[in-house]
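Next come two complexes, and both contain chain A; in the first it sits with chain B, in the second with chain C.
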Partner chain A sequence: MSDNQGILWEVFVQTKPGLPHKHCGSIHGHDKEMALQNARDLYTRRNEGTNIWIIPASEIVASSPEDTGSFFEPANDKVYRHPTFYKIADGITHM
Partner chain B sequence: MENALNEKSFQDKIDEGISIEPKDWMPETYRKHVLRQISQHAHSEIIGMQPEGNWITRAPSLRRKMVLLAKVQDEAGHGLYLYSAAESMGVTRDELLDQLHTGKAKYSSIFNYPTLTWADIGAVGWLVDGAAIMNQVMLQRTSYGPYARAMVRICKEESFHQRQGFEIMTVLSEGSSEQKEMAQDALNRWWWPSLMMFGPPDEESPNSANALKWKIKREGNDELRQRFVNQTVPQAAILGLKVPDTDLKWNEAKKGYDFGTPNWAEFKNVISGNGPCNKERIANKIHSHKEGAWVREAAEAYAAKKNKASIAA
Partner chain C sequence: MTTQEALFNYCLRLADNHLILGHRLSELCSKGPVLEEDIACTNISLDLIGQANALLQYAASIENNGRNEDDLAFLRHERHFYNSLLSEQPNHDFAFTMVKQFLIDAFNYYLFDELKKSKDLTISALTTKGHKEITYHLRHSSTWIDRLGLGTDESNLRTQNAINELWRFTDDMFVMDEVDKMLITDGIATDLNIIKTKWQNTVNGAFEKANLKIPEKVWMQYGSKQGKHTEHLGFLLAEMQHLHRAYPGVKW
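Up next is the complex of A and B:
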């Protein structure tokens, strides 16, 4: 329809070379070029970025909040994955 | 039963300061409340471009014109951040715009006042953005995650808005007697509507109790209004301008100013559609939306054509 605003895209901005891209919001756009330009105009008007990723919002797969407990539970009893689990003799450095 | 349990754990989360995200369970009343507030806020940013846009072509210098353009563009951006936050609650952009165009959704009553002289652009930046910032700083910690994140971005961008307004007021109040008069006249007209921006007194505000309980807001309307007065009165003094309130007086006991009561009848009248510019603002908005229809249509047709080509290839 004529009132269509284009699909919704999620916008990820890298603020400096070497840093990960971070989600900063969403944007409407009819195609990827337009969405990318809109994202630039909206999210980097003050040089906030060195790179932008955009992804159609409908393509994002997310875990569901109701399952948060059971979904992340398997990691709970594996304390040996953390360095603090191990006893190291006094005097050892650089480890 | 399940609902009561949900509601209890929802309130616990709020009390612990854990933010509510779009897919989390929330009471329908919370969802409605937040959605209404975000959409009103978004519409205010968008309609708020008009009183200032009115002066872009007549700004007194190239510098002022560039600054005003950048500010108005920021406000458009603020509207977009907020529309996205509202959309995270499942409403579409078209629905939101439709609610604005048909008068179903409200926006801040302040934008229904006209900007008659260049000094009004100074007063708007100084007072209207100043009041908005006070509110928005608080909202950076609002309980609904997408709204809070939009506010953080907005607050970063607002800081120049108020300064450019105050700069305009400074230049005028140091200028010729006509310029000084113009600055005083702008302050006279914008002072009370700015105080009304914080909303009616808490005891008469139907939404205040829930807003605080759910940490949508963290401070009451009266508290914010008082802080705004305390902060702004000394600034007016620096400009050598007189705040148009005969009840204004420093109160040493409360370390703040006592001040008069805004005309709440006027507030109600303006918010229900009878302010000086309500009709013009909405008519302009609908007009520009219609004028832009061909762009949206063309963009959609182009996207569809390219889509077809890429499938065929």
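Up next is the complex of A and C:
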């Protein structure tokens, strides 16, 4: 096998039209088309998808573990941000 | 020759092209240039063998002589295989494999597109289904022709060498005989001259774009439709048929 496998791409697959694309893993590829084809072969061969997005892994901007405290913990004690104080009308199933 | 015999022979030709090309590609399993490409080639190989399986099933039902698709794949001798000479050529380097795939994918793409209109409903159904897979195969191999032709000096050289080596087997794909003529009259088969024009345009366009040349004055090799093959098919069959011959009727 070659040492030069191309850059790393993150793969997002949409399972049904209308649903959001979900991250399912990563693949290597030298160019966009190769990465797209590799993603198709690796992640949708068992009928998992209707659409694929691929993004160069280096282009993803991520928060770092050190940010966890300042980013996420302040939301813990603010229950009023959840819409749990409303009555849901009968017959509404997906909320 | 009866129409039934012609149809049986025609299905074997379609099936054998796929079976032998699929087997050749399966030889790359675990030996691909990178992990992702290994999976891609194995996927395509499985598509081809799956299509061959369906076509051989249909051939067996036409023959109606007690043989099934496994008998046709694993118990026929070399001289009774009708796959194109191009499909049986060994892999060599990756450029060689991709040039071979591309030349055959482009052929299959136009052939199956025409056969969708076949008056034989089974051939029409199988080629309609198969054409979707072949569309992807052609996309895969033609992007490799681009990449290798326009890549480095070495990748261009290797791809050009593969074209020079393989070109002499291309005309063999388009040979027609009484089997074709009989079935074309019945609206079952396709005139391969029509396929050749489309194939030539696609191949010329792709090679021109990728800075590759078609060699001139090549001595063409023929014979696959009479079961006359290059020396490579025998070795391929020895490996492919070994298990079935050593353990007749063995189940997975």
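Keep this in mind: the second predicted complex is superposed on the first by the 78 of 95 C-alpha atoms of A that agree within 3 Å, B and C clash if a C-alpha of one lies under 4 Å from a C-alpha of the other, contacts with A are read in each partner's own complex, and residues count from 1 in each chain.
We take it that a contact is a pair of C-beta atoms (placed from the backbone, for glycine too) under 8 Å apart; a residue touches a chain by one contact, two chains touch by 3 or more.
These numbers come from a predicted model, not from an experiment.
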{"item": "Touching partner for A:Val79 - first (chain B), second (chain C), both, neither", "value": "neither"}
{"item": "Partner chain(s) touched by A:Arg45 [first = chain B, second = chain C, both, neither]", "value": "both"}
{"item": "Chain B versus chain C as contact partner of A:Ser64, first or second or both or neither", "value": "first"}
{"item": "Partner chain(s) touched by A:Leu8 [first = chain B, second = chain C, both, neither]", "value": "first"}
{"item": "First, second, both or neither for A:Asp31, with chain B first and chain C second", "value": "both"}
{"item": "Overlap of chain C and chain B interfaces on chain A (superposed complexes)", "value": "2, 5-6, 27-28, 30-31, 34, 42, 45"}
{"item": "Residues of chain A touching chain C in the complex", "value": "1-2, 5-6, 27-31, 33-34, 37-38, 40-42, 45"}
{"item": "Chain C residues within the chain A interface of the complex", "value": "32-37, 39-40, 43, 136, 139-140, 143, 147"}
{"item": "Touching residues on chain A, where the partner in the complex is chain B", "value": "2-6, 8, 24-28, 30-31, 34, 42, 45-46, 62, 64-66"}
{"item": "Residues of chain B that touch chain A when the two form their complex", "value": "21, 23-25, 73-74, 77, 80-81, 84, 87-88, 93-94, 97, 149-150, 153, 157, 293, 296-297, 299-300, 302-303, 306-307"}
